[in-house]
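Multiple structures follow.
Same chain, two partners: chain A is paired with chain B first, then with chain C.
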Partner chain A sequence: MSFLARRLLLAPCVLLVVALATFAMVRLAKGGPFDAERELPAEVKAALAARLGWDRPLPEQFLRTLVGVADGSLPTLSPGQSVGAVLAPRAAVTATLGAVAFALVVVLGLGWAVLATRWSGSALDRALTHGTIACIALPSFVIGPVLAWLVGVRLGWLPPLGWGGAAHLVLPALTLAIVPAARLARLARAALAHEEHSDHVRTARAKGCGPWRVLLQHILRPALPPVVAYLGPLAAWLLTGSVAVELVFAVPGLGAEMVQAAINRDHNLVLALTLWFALAVVACNLLADLAVAALDPRVRLT
Partner chain B sequence: MQRGSRVVLAVMAWATLAAAEPDAWMDAVQPPGEGWRQHRQELVVNNESEPKTLDPHRMTGVVEMRVASALFEGLTTPDPRDLTPRPALAASWEVDDDGLGYTFRLRPGLAFSDGRPIDAEVVRASWLRALAPATGCEYAELFDPIVGAEALRRGAAAELGVEARDPLTLRVRLRHPCPWFLQLLAMPPFAAVPLHAIAAHGERWTAPGALVSSGPFLLAEHRPRQHLVLVPNPRWRAAPRLRLTRLTLLPIADADAAYRLFCSGAVHWLPSIPLAKWEEVRWLPEYYIAPFLASYFYRFNCARPPFADKRVRRAFSLAIDRRVIARQVLRAGQVPATWLTPPMPGYEPPRGLATDRARARALLAEAGWGPGGRPLPRIRLLYNTSEAHKQIAEAVAKQWEEALGVQVELVNREWKVYLAELSALDYMVARSAWVADYQHPDTFLSLWVSNGGNNRTGWASADYDAALQAARAERDPRAQMQRYRELERVLVEDELPIMPLYIYVSQGLLRSEVRGWWTNPRDEHPWWCLWIEP
Partner chain C sequence: MTRGGLGAGWLSLAALALIVALCAFAPWVAPEPDALRPWLGAQPPGTRSVAVPLVVRLAVGAPGPGGRRAVYEVDEGEERLYRCALRRGRLEIIGPDAQPVGELALPPTALIFGPGGCEGPAGPGVLRAGGAPPPWLHAAAPVRYVSIRDPGPLRSVVVEQDGAGRIARIVRDGQPLEALEIAGDRVRSLEIDGRARTTLHLLGTDPLGRDLWARTLYGGRLSLSVGVVATLVALVIGSLYGAIAGWRGGRTDALMVAGIDVLDAIPFLFVVILLMTVADRSLLLFFAALGCVQWLTTARIVRAQVLALAGREFILAARALGLPTWRIVLRHLLPNCLGPLLVFAALTVPAVIVEESFLSFIGLGVQHEGRPLDSWGALIQQGLQALGSDGSRSWLLLAPASMLAVALFALHDLAERARQRLDPRAAGGGR
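And then the complex of A and B:
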C-alpha cells in the first residue's frame, strides 16, 4: 500500500480516537454547562440538556455528535447557533490571518537566512544570530500590546484592534509571525551553512557560478527539506488560532472561541473545535511530508 | 349636568390626561436645545463580551441586558437618573388597596417593529414563555411574586395570576405585597417578545432580518465577536425622541485592549477599566466612579465543622479589618462593610460586627477550638480565578493567620468548577458576590431562605424564613424596612452564614460628548435618552 493511501486511511482513525477522548474528557470535567451564579431549577436544567440531546444514552450522544460535527448541525449552548454556524466564520478569520502570518514567516525567516548566508560572517549574519534569539524570547502577549500601543495608539498608523479591512491584519499577523520567523531564520541559516561547504557547491563555484546563483540554485534547494518540515506543524498551529493574539487585537478567530467554549463547558463546541484542530494537524503534517519527498528525491516515503 | 356625571367626566379627563402624557418626565432627560443636530449621533461602546443570546428571556448577565434593553421593552422602564420605574408599554397603573392586585393600562397603538400590535395578551403570553422550563430563563425566579409563577417555572401545572381583560388592560395578582414589582417589569425577562416571529423562525428568531423588536432600537447587523449594530426603531412608542442614529456594541473582552481602543478615540464608553492601570486611568478626565448595588462577601459552609458553629463564624468575621482590604488591596473607593445590603432608598442596614480580635479569640475558645481545645483544621478558602479575588483572599488569610493562629490554604478554581463546588457545598469558605436585581433589601436578604437555590451555605433557619414572609407581607413601608433590617441584623450580627467584606463601586471611562448619561447605582444607562454633543 502506498504511503499516501496508508496515511489517508489512518487519518480517520486518529480523528476517531481524538473524538472519543475529547467526548469522555469534557463529560468528566468538573462543573457543567448549566452551573450558573444564579441556581437554575432542575427542571430547567433538564429541559436545556434535552434541547442539546444530552438526555440520550452516551453511545447515541457520541454518534449524534460525530454526525453533527461532520455536517455542522450540532447545536451549541447558544440558542439557534449550530457548531457550523459558529465555527465557519471563525475558521475563515483564523485562516486569513494564518495565511498572512505564514507568508510573513516564510518571507522574513527565509529572506533573513539567505541574506545572512550571502554575506556570511558579516555584521548582518551576527545580527541574525542575536536578533533571532531576542525575538524568540519575546512572547506574543508582550509583543502584541506593545505593537498595538505604539503603532495603533501613539502613531495612529493602523487600527489598534478589530477585524475588517487589510489594515486590521497587519499588527496581529506581524505579532503571530515574529517568533516563528526568528525560529525559521535560525533553522534555515543552519541548513544553508551545512550545504554551503558541500562538494557540489564547491564544484559550482569552481565552474564560475556567481554568488547569488550558487546560493539560490545550489545551496538553497537542498537546504529546504528541514525548512518545509518546520512549516508543516507551523501551518497547523496558525490554523488553530492564537488565544493571546486574538484577545489583544480582538480578532474573532478560533483560539479565543476554544477558550470560551471550554470555560462555558459548551461540550459540543469544544468537541467540534478539537476535531477541527486535529484535522488541521494531520493534514498539514501529511502535506509537509509529501512536500519534503518532492523536494528531496533521496527521501523515500515508506 | 348632574354633579355625579361631572365627577365622572373630571375623572375621565384626568385619566385621559395621565394616559396622554405618560412621557412628560422624559423632557427632563432629553437635550434642552437643538445643538445636538450638528453632530453625528453615532455611539460606540464596549459591551465587554459577545452576548450569549439576544433573547431577553434567556439573558444571563449585564452583557446581554445592555443589548436586550435596546431591543425590547416591558410595561415599565427605568428612569436613567434614579431607576424609578416609569411608564413604558403601560401608560398608567393602579394598585389595589391590599397591594396584591395591579391593573395596567397599556398605551393604544403599540406595535412591534414589524407592525404587529402589542397588546395585553402579547405581554401575558410573553411572560408565560419566560416561565416555561423549555425556555431556560435564568431569571425566571423574578416572576415568583406573581400568583402561580413559581409552580409554572418548575414545570408544574398552575394558573398564572395574569389576565388580559381587554387588549389594553392587564390584571396581575401577587402572592405578597411587592414594593419592587414595578422595577421588575422594566427587566428584560418581563419584556414583550414577538411570539409570532419566534413561531416562524424558531431558535433563529434573534438573527438580523428575523429579529422583531419592541424597544427603541432594531438589530441592523450582528457579526459575532466583531460588533452589533443597532438603529432606531421607527415604530417605537416614543420614536421621535430618539437622538442616536446608530449604536455599535463591541464585544472586547480584554480590558487592556479596550482601553487602547478608547485611547485611540474609537469608542465612547468603557463600562470597566483595566485594574492594573487604575493609577493611570483614575486621573483621566473621562474617568467616573459611582456607588454600585452589589456586595462582596465570603460564604461559610455551615453544614460542616468548624463553621457549623455560629460562634466560629462570628470569630472569623470579627478577626477581619475590612478597611485594610478596601484601602490597601482594592483602593478604588469600595466601601468596607460589615453588612450585606448596599445603600437603598429608605433602608438603613445594621452595623454588623466591628473588628474585635480579642473577642474573636474568646469566641473560638468558647466553641472549643484553638489553644486549650481541638486544633483548628486548615481552612480552605475557595475563590474563582481572578487577580482581584486572589489578592483579597491573601489579605483575608493573612489576617486570619495573625488574629486566630489558623492555617489558611487558598484554593483557586476555574469558574465552572468553583460554581459546582459552591452548589455541592464542597468548600469551607468561599468568595461570593451578589448584584441587586432590584432596589430593595429583599434582593439580598431573600437569598438566605432555607434550601433556596442561591443560599449555597447549608444554613437553614425556620425563624428567618418566617420573618422574611412577615416582612414581605408588611404593608407599611417604614415598618417593612424595619423588618428587613432585623432580618439583616440576624444575618450579619448573629448567625453569619456569610461574612460581608465590601460594597462595590462601578468605574469606567466616558467621553465628555456623550450626554443624557447619569451615574446611577445599577450602572444602567438607557440608550434611548443618550445623545452626542461636544
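And then the complex of A and C:
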C-alpha cells in the first residue's frame, strides 16, 4: 500500500474510533445533566429527552449525532441553541489566537535555530541549549497566570484578561507559543547541526558560497522535514493547549466553552467539540504527513 | 559533560529529592491543611496566627489544649449582624435594628455568614443599598449575613489541666465554669504554660485562612503520586502490548501497530476531559485514565526493542531450550528493554503531572467524596482567582506555581541527562 493511501485510510478510522468512543462514554455514563438538582417530573424529562433526541434507538442516535455535529444542527442544553450557533463565533476566536501563536512559534523557534546555526557556538547558541529546557518544562497554566500577574497587573503594560483589540492577543498568544517555540528551536537546531557537516554543504562552501546562502539554501532545505513533521501536531497542540490559556485570560474561545460544557454536563456540546477537535487533529497530522512527503521523496517509499 | 553541567544535575536531583521528601513528610513539617481560619483571610508569607480551631470547645473532664495552664485572651466586643439580600438583582441591607441601611463600610475583619456558618471574610470595601451586589451574593446565595465586630475589652479564660491532659478547671474572669464555647475569631492570643501558641504560615494563608504551605505540600503529594502511579500503569500496559506485538510478529504485529497508530491520532486530552465529566472522578480513575494516555509510546519502544532482540543468539538459545514464551518475554526480552524504558518513564512522570494539574486547573481534578482534592493545578487556579484586582496577593499564585515549576524542571533536567548518558547520538547537536 502506498504511503498516501495508508494515510488517507487511517484518518477516517481514527475519526470513527473517536466518535464511537465518545458516544459510548456519554450514553453509558450514569450521570446526566439533570441529576444534580432536585428530581424532575417524568413528563419534563421525556420532553427534554425528545428535544435532545435521547428517546430514539442507540444506532439512530449515533447517526443523528454524527449528522448533527457535521452540519451544526445538534441541539444543546440551552433551548433554541444548536451546537453550530454556540460554537461558530467561538471558533473564530480560537482560530485567531491559534494562528497568531503558530506564527510566533515559527518565527521565534525557527529564527532562533537559524541564527544559532549561523553563529554556531556563540552566546546565542548556548542560550538556546540551556534556556529552552527551562521553557519546555513549564506548562501553559503556569506561564499564563504568572505572565498575567506580572505583565498584566503589576506592570500594567497589557490588559491581563479579556478579548478585544490586538493588545488582548499578545499575552495569550505568547503563553501559547513559548513552550512549542522552545521545542521547535531545539529540534530545528539539532536538524540543522546534522546537515551542517554533510558533504554537500562542504562542497558548497568549497565552491565559495556565502555563509547565509549556504545556511538558507543548502542546510535549511534538507533540515525542513522534521520541522514540518513537528508543525502538524503542533497546530493540533495549539488547539488543545489553548484550553488553559483561554481560561486564564478569559478568552471566549472553544477551549473555555469545552470546559464550561463539561462542567454543565452538556453532553451534546462536549461530544461535538471532541469530534471537531479530533477532526482538526487528524487533518493537521495528515497535512503534515503530505508536506513531509512532498519535501522528502524518501518518505514516500517506506 | 562539563563539570558545570554535572553540578546542575546534582542541583536538580537535590531540589527534586527535597520536594518529594517535604511532600512525603507533609504531616510532620506542615500544619493541618484543612484548618479554616476565615477571620484571618489571606495573609502574606511569614504571618503568625493564634493556633485555635474554628470553635474552641472547653468542658471540665474533656481533653484540654495541652500543657498545665492555658490562658485564652478573648475579645468580647459587640457583634452587629447585617442582613444582605438580593432583591431584583440589587443589593438590600438590613441593619441589626431591623432598619434598612443605605451604606455599609466593611472593615477588614467583617465576616460573611450563610446557612452553613462562616463563609470567609467579606473583604474591605463599601456596600451600597440598591447597587450591584458583591461577588458573594448571587442567585445561588441570595441571602447572607455580614458580621462586624467592634473591638471590645479583653477577657481572659484560664484553663487548668491535670496530669492526664484533661481539663480540671475553667475560670473566666474569676468565675469557675463547667463548660465554655469560644468562637475562634474572638481569641486574640493563647498562652500555654507562659508560652504564646501560634502557627507560622510559611507561605501565608488563602482567603479562608488555610495554611498555603500545608496545602501546597498536600497538593504535591497528590500530583506526584498520580505522576508516578499513572506512569507505572503506562509502563505495564505498554510493555505487555509492545512485547506481544514484537514477539508474535507478522499479521498480529501489523494489526497491533495499526491499533497504536489509530489511538495515537486521537486527541486524548479531550477524551479524558469527557471521561472526567461522565464518571466519578476518583483517584483510581485518574491513575487509569492518565496511564492509558501514555502507554502508546511505551508500546512502540518495547516493540522496537523486542523486534531487534528477537533474532539474537541468547533468545534463540532460550527457545531451543524449550522455555515457555512468557518466561522468555519476562526474563530475557523485557530486562533488555529497561534502559530506554527508564528514560521514557522519567519523561512520562512530568508529563502526567502536567496533565493531572491541568485537569485540576480547569476544575476537573480528583474528587474524594464529592470534594475536590488539592493539587498543584487547583492551587494555581485558586491563586489566580484570589489575586485581587491589584495583584497584591501574589503569594497565592506564585507559591504553588514555583513549586510545580521547580519539580517539573528538575524532572525534565534529570530525564534529559539520563537520555544523553544512554544515547550518545541524542546529545543535541554534539553539545
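Operating definition for what follows: the second predicted complex is superposed on the first by the 277 of 302 C-alpha atoms of A that agree within 3 Å, B and C clash if a C-alpha of one lies under 4 Å from a C-alpha of the other, contacts with A are read in each partner's own complex, and residues count from 1 in each chain.
Assume contacts are C-beta pairs under 8 Å (C-beta built on N, C-alpha and C of every residue); 3 or more make two chains touch, one makes a residue touch a chain.
Bear in mind the structure is a predicted one, so any value in this text is a computation, not a measurement.
K.L.:
Aligned on chain A, chain B and chain C: do they clash or fit?
P.N.:
Once chain A is superposed (C-alpha atoms), there is a clash between chain B and chain C.
K.L.:
On the A-aligned overlay, A:L220 touches which partner chain: chain B = first, chain C = second, or both, or neither?
P.N.:
neither
K.L.:
Thinking of the overlay built on chain A, is A:A148 touched by chain B (first), by chain C (second), by both, or by neither?
P.N.:
both
K.L.:
Where does A:I263 make contact in the superposed view: on chain B (first), on chain C (second), on both, or on neither?
P.N.:
Once the two structures are laid over each other on A, A:I263 reaches both partners.
K.L.:
Per the contact definition in the header, classify A:A204: touching chain B only (first), chain C only (second), both, or neither.
P.N.:
neither
K.L.:
Does the superposition put A:L174 against chain B (first), chain C (second), both, or neither?
P.N.:
Neither partner.
K.L.:
Considering only the touch criterion stated at the top, classify A:V281 as touching first (chain B), second (chain C), both, or neither.
P.N.:
After superposition on chain A, A:V281 lies in contact with chain C alone.
K.L.:
With the two structures laid over each other on chain A, which partner does A:P79 touch: chain B (first), chain C (second), both, or neither?
P.N.:
first
K.L.:
After superposition on the shared chain, which partner residues are touched by A:G162: those of chain B (first), chain C (second), both, or neither?
P.N.:
So A:G162 only meets chain B here.
K.L.:
Check the residue A:V248 against both partner chains and state whether it touches chain B (first), chain C (second), both, or neither.
P.N.:
After superposition on chain A, A:V248 lies in contact with both partners, chain B and chain C.
K.L.:
Quick one: from 291-299, 345-353 or 489-497, give me the piece of chain B that collides with chain C in the overlay.
P.N.:
After superposing on chain A, the stretch of chain B hitting chain C is 291-299.
K.L.:
Which chain A residues are contacted by chain C in one complex and by chain B in the other?
P.N.:
31, 145, 148-149, 153, 247-248, 263, 265
K.L.:
Under the stated contact criterion, what part of chain A meets chain B in this complex?
P.N.:
30-33, 35-41, 43-44, 46-48, 51, 77-80, 86, 89-90, 145, 148-149, 152-153, 156, 159-164, 247-250, 252, 256-257, 260, 263-265
K.L.:
What does chain C use to touch chain A in their complex?
P.N.:
258, 261-263, 265-267, 269-271, 273-280, 350, 354, 357-358, 361-364, 377, 380-381, 383-384, 387, 389-391, 394, 397-398, 401, 404-405, 408-409, 411-413, 416, 428-431
K.L.:
Which stretch or stretches of chain A touch chain C in the complex?
P.N.:
Of all residues in chain A, those touching chain C are 10-11, 13-14, 17-18, 21-22, 25-26, 28-29, 31, 129, 133-134, 136-139, 141-142, 145-146, 148-149, 153-154, 186, 189-190, 192-194, 236, 240, 243-244, 247-248, 258-259, 262-263, 265, 267, 270-271, 273-274, 277-278, 281-282, 285.
K.L.:
Okay, in this complex, where on chain B does chain A touch?
P.N.:
Going by the criterion above, the answer is residues 50, 52-53, 55, 58, 60, 133-141, 153-155, 202-207, 223-226, 250-254, 256-257, 260-261, 263-264, 266, 414-421, 423, 453-454, 456.
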